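The two complexes that follow have chain A in common; it is paired with chain B in the first and with chain C in the second.
Coming up: the complex of A and B.
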């Protein structure tokens, strides 16, 4: 663990001491090397599932794909931010990279934490760099409101989680995940267990986000700069999913009837948010609502607590992380050229930037869960698990899959096909950097087709 | 102010608190409190501005009332009990009376209305002293009184956190915001006072560091309203970088030190099964966080539409490094980085 944490920590002095010309290449290379080392986590060699164990941190098949995704995303974020920060003064570029690195550190420590208190502290720690990214480097006035919504939605739900964790420590004497998974059912009085269950999971449901408490997400995603959108979509939402999977171990006897309203809300949210995608004019907002829709499926799958559900949830989280981040990168290539997120104003890009259209096609196809990509794997496993739980859910999931396909194709056709607008006089050609960025998003997705067991999680 | 006069006043201030801290008899404790009150009055009124004079007058009346009530209750207790020991007070009525007097001195709800007006009326340095140093002596006396009626402290603590949160929401004057922040933090301290004196002391200590850092920062930026904060980036860019972290530490966000007292107070309350209290306190802290966030938006995270001449500060009028401003790095370091050191910090206090 230290071989990843210390280089990541030292990325901060790197970003401050590198010369101006070499700042971005150096940090990029440095973060790629860290990613290379983090790939070693994917091999789980332990009988008890916990490997790289030390008193405070460990990895297991649930957290290692998420950890690798987090480490994979840092070089991609650095790659994506290079262009829009080129006009900023050097100190601000260094501060930006430092923010990304502190976010990375807190995310690694959050996913690798064995003690739930450390997980909580790191979960909250991710809020400050993200807040600063959104409110300082966002581009419109609404970013301040977005930052406030983001901070307060997350905090209002995670403070009850803190109290629940403290109460849990009081009751069981420990908050270590290694021990809690071996404890029996926790005796709680019948009326209190509803509150217990809700407060434990509310923080993660808000983070995922669940449909009723999802308002922060479109605001935050739209107003954030590209690195902010990428990390939010790819990793921060998965923090909610990961937290839920960990907490539900502790809550299992209570969860039988209490999860019904949340499953229904999640499934209804899949339908609602994918429908609203069809009416969006703002491209980033469409991708944000698509994130809510996919995460609704993940939330429902985690809440039903079956092995297939958890497996499907993890696969979809990883696949959606890569896909959603790729979509935001594509939207950003549009934004950097036209400084507009309105879809009608940026149509017909296939005529102008044909290779980018290829990436748009592959990413939109991944978003609509085309076989054999892991997106489909995850969605299919989740749909099967939900079907096994109750066959009425096929209405929601089937309609959801249909509408997902519709809006993904809508997004592709709106941005790529159609007449090129008359006002677009000149567009910069695609940079190799952008091609590299998208390749690095899509290549893992394609490679995961061949070895999905890396992201299957510990249910198998 | 004349330096000799300043030395005399500051020494008397220190003497007053030291007297109270070292006393076991109520008379000496009262004496220390009064010396402290009298010493700070000239500091408050040194600007011959009506608001400063009004603030000094209000402060004097409030503190004198509290001290007189304290003395009255102490003498009645001595009459009934036969001794005037602080730590062995047992009469419930007079214990409550003394507690209320001390809470009036500290500025806790519902006896908080003087705080925003007083701190607004005085200069930033004096406001710092009123917010931090003047809280120590009453706090120590509160620690020593046993058998305070528990619901009293809990209700006043929770009310203070709520009022400190709600009161600061509509303010644009920074000193009033810091006054309400002080009320809220003292509410947290009061909540845990009856259960764990070590945690209360730790919370007070962290509060003093954070508030000192904030006041010194504001003094350096010469900012007294939210609008004046927006030109900080032209005067002191480094402070601009660090100020949001300092404010979010006041708000109690991990991984900054301000999270530590809140965490441990919530842990203690949960262990004693006061979960509703813990929940209300935790959620009310979000109210305070909203105005700290607003301040950090003004300082760093947004750029006000300023006049260009206001932004060009090539001829910088830096004040000579005052003793107070050289304390800023220490205060800031303690405000931001103390969370991982909490276990060792707690052992120092326990």
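Coming up: the complex of A and C.
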């Protein structure tokens, strides 16, 4: 663990001491090396499931894919931000990279935490760099509103979690995940346990986001700069899912009745947000709502607490992380050229940038869960698990899958096909940096087709 | 000692309060219930009465609640609201009738609500120097270029059904005061053949025009002196004049109701091709498309693109040939003048006049010769020009105008296209995201609805859909192929 944490920590002095010409290549290379080391986490050979164990941090098959995804994303974020930060003063570029690295650190510590307290503190810590990214480097006036929504939704829902964790510590004497998973059901008085169940999960449900409390997500995703959108979509949402999976071990016997309203909300959210996608005019907003839709499936799968549900949730989280981040990168390449996110003004780019159209196609197909990509694996396993729980859910999940396919194809056709507007004729050609960025997003996705068990979690 | 004094003062103050209340109570008691219902004072009430203003208070509470809910645009940080937003999709420079027409059509053609974010930048919201409001307001189809005829015909159709297009719910209907009295062109012997050729073009395109011989002219309009007139061309339908201010406001009101943002500011610079700061307080607006509808000042705006730094005979160095030209309009009063069916008469000598209102007032003017173009640094009126150039020709053509009185006059700018005096509609060849809708040289107002639609189609559909205006594009300026109107004057 320290062999990843200390290099990541030292990336901060690197970004401050590197010469201006070498700032981006250095940080990129450094973060790539960290990523290569982090791939070692994917090998889980322990019988108790916990590897790289020390009193405060550990990895297990649930957290190691998410950890690797987090480490994988840092070089990608640095790669994506290089262009739009080029005209900022040097100090601001350094601050930007520092923010990304602090976010990375808190995320690694959050996913690797064994104590729920450390997890909670790191969970809250991730809010601050993200807020700074959105409000300082976002593009429009609305980013202030977006930052406020993001901060207060998450903060307000996670403060009850703090109380719950303290109460739990009081009752059981420990908050270590290693011990809690072995405890039996925790006796709590009959009416308080409902409140207790809700408060422990609310923070994660807001983070996922669940449909009723998802309003912060379109705002935050749209107003954030590209690195902000990438990290939000790829990892921060999964923090909610991961937290839910960990917390529900403790909440076990209550989950059977209390999860009903949330499963219904999640499934309804899948349908609703997919339909909203069809009516979006703003490209980033479309991708943001598609994130909500996929995460609704994940939330429903985690709430039913079956082995297949948890497996499917984890697979979909990893696959969606890579796909959604890739979509945001593609939208950003469009935005950097035309300075507009409106889809009606940026059509027909297949004629102008044909190679980018390839990436658009693969990513949109990944979004609509094309076999044999892990997106389909995750969705299929989740749908089957939900079907086992109740066969009425097939209406929601089936219709949701249909509408997902519709809006993914709509996004592809709107941006790539159609008449080329006059103002797009002389766009800058694609940079090789952008091709590298998208390759690095899609390559893991393709490799996971061959060994999906890496991301199958502890149920395998 | 001092403590006691302070106490004494306090008591007096309290006593004062007490006294005033007693006075009002006495007042109401003495004068009985009949005056209680009637509020005789005309000032505001002393205290806020919650129940009297219940409606207003409830509305305020509802508004506060709506602001607090998600989905409202209330923001705790109220940064200067006069500045334009930091980002927009399409920025239209120039808030005249052309700019607002383009804004309206862009919103009309977006297929979903809030599809494109449009802002219109106008540096003078009083429109004191804008060509739109200083125009004579005429509309005619009597051009020689088919494109011009199409534009005017479509615009006339738009304006006849203006409330279908620009009517806003719960607001007053639009009244353009469109007097369809027609245009009357008079041709002398030398230019009569041009008029005949134009007539056949116009009829072919669909304009409702007719040719009149001098005798028919005298029959129809007995007040005309037909000396020197060989042929006259009279528009029967869709020609006349209207109120340009009403059209501008109708477009503006409708466009703003559809979500177009209006900014008061001046564009001072372009960065690369997409960002432009404006106003004394700098605000960079990041946008995808810029539309130059700045009218008479379009040429100066295009200079900011750095065209002049390129060599003159390259495509990149071709300047936008629009400059302001000053034209005068004089309002004259003549009680014995021509009647209510007076058309917009344009004489071959360059003089024109039309009826204004119902009180015997007329608007008149003339095109100056190329050599005597007036100075464009201000909008001062030269009355000598009326005495020298307009009145003699006016009096010659209409004898009744020998006795008239000039009641008022103003001057306005033409956005004069020095190249071929016809509009430029299209995108710039080198700077791909700048579109032009300027250079109409005096017939911009009448073509504004159709020209706005053409530009909106170009931006959103990529091509002209309803009317093909490729002939009016920038290409002809680069290729140095002018498409001149074959006017008779």
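In this text, the second predicted complex is superposed on the first by the 459 of 460 C-alpha atoms of A that agree within 3 Å, B and C clash if a C-alpha of one lies under 4 Å from a C-alpha of the other, contacts with A are read in each partner's own complex, and residues count from 1 in each chain.
Just so it is clear, a residue touches a chain if its C-beta (ideal position, glycine included) is under 8 Å from a C-beta of that chain, and two chains touch if they have at least 3 such contacts.
Just so you know, these numbers come straight off a predicted model, no measurement behind them.
> After the match on chain A, would you call chain B and chain C a fit or a clash?
Superposition result for chain B and chain C: fit.
> Could you say whether A:338 touches chain B, chain C, both of them, or neither, answering first, second, both or neither?
Second partner only.
> Output check: A:145 vs chain B and chain C. Expected answer is one of first, second, both, neither. What do you get?
Only chain C; A:145 stays clear of chain B.
> One more residue to check, A:198. First (chain B), second (chain C), both or neither?
Once the two structures are laid over each other on A, A:198 reaches no partner at all.
> Applying the touch criterion given at the start, work out whether A:159 contacts chain B, chain C, both or neither, answering first, second, both or neither.
first
> Between chain B and chain C, whom does A:306 touch in the aligned arrangement: first, second, both, or neither?
neither
> Applying the touch criterion given at the start, work out whether A:136 contacts chain B, chain C, both or neither, answering first, second, both or neither.
Touch partner of A:136: chain B, not chain C.
> Between chain B (first) and chain C (second), which, if any, makes contact with A:422: first, second, both or neither?
Only chain C; A:422 stays clear of chain B.
> How many degrees, to the nearest 10, separate the directions from chain A's C-alpha centre towards those of chain B and chain C?
Result: 80 degrees at the vertex chain A.
> With the two complexes superposed on chain A, say which partner A:275 touches: chain B (first), chain C (second), both, or neither.
Neither partner.
> Could you tell me if A:44 is touching chain B, chain C, both of them or neither one (first, second, both, neither)?
A:44: touches no partner chain.
> By how many Å are the closest C-alpha atoms of chain B and chain C apart after the superposition?
Least C-alpha distance after superposition: 6 Å.
> Please write out, lowest number first, the residues of chain A touched by both chain B and chain C across the two complexes.
144, 148.
> Report the residues of chain A in contact with chain C in the complex, numbered from low to high.
Residues in contact with chain C: 139-141, 144-145, 148-149, 215, 279, 281, 338-340, 342, 344-348, 419-426.
> In the complex formed with chain A, which residues of chain C make contact?
It is residues 70-71, 73, 75-77, 79, 85-87, 89-90, 110-112, 114-117, 274-275, 286-289, 427, 432-433, 435, 458-463 of chain C that touch chain A.
> Please output the residues of chain B touching chain A within their complex, sorted ascending.
So the residues of chain B touching chain A come out as 241, 244-245, 248, 253-255, 259, 263, 266-267, 270-271, 275, 278-279, 282-283, 285-286, 289-290, 293, 297, 300-302, 339.
> Considering the complex alone, what residue numbers of chain A touch chain B?
Where chain A meets chain B, its residues are 95, 106, 120-122, 124-125, 127-128, 132, 135-136, 144, 147-148, 151-152, 155-156, 159-160, 162-163, 166-167, 169-170.
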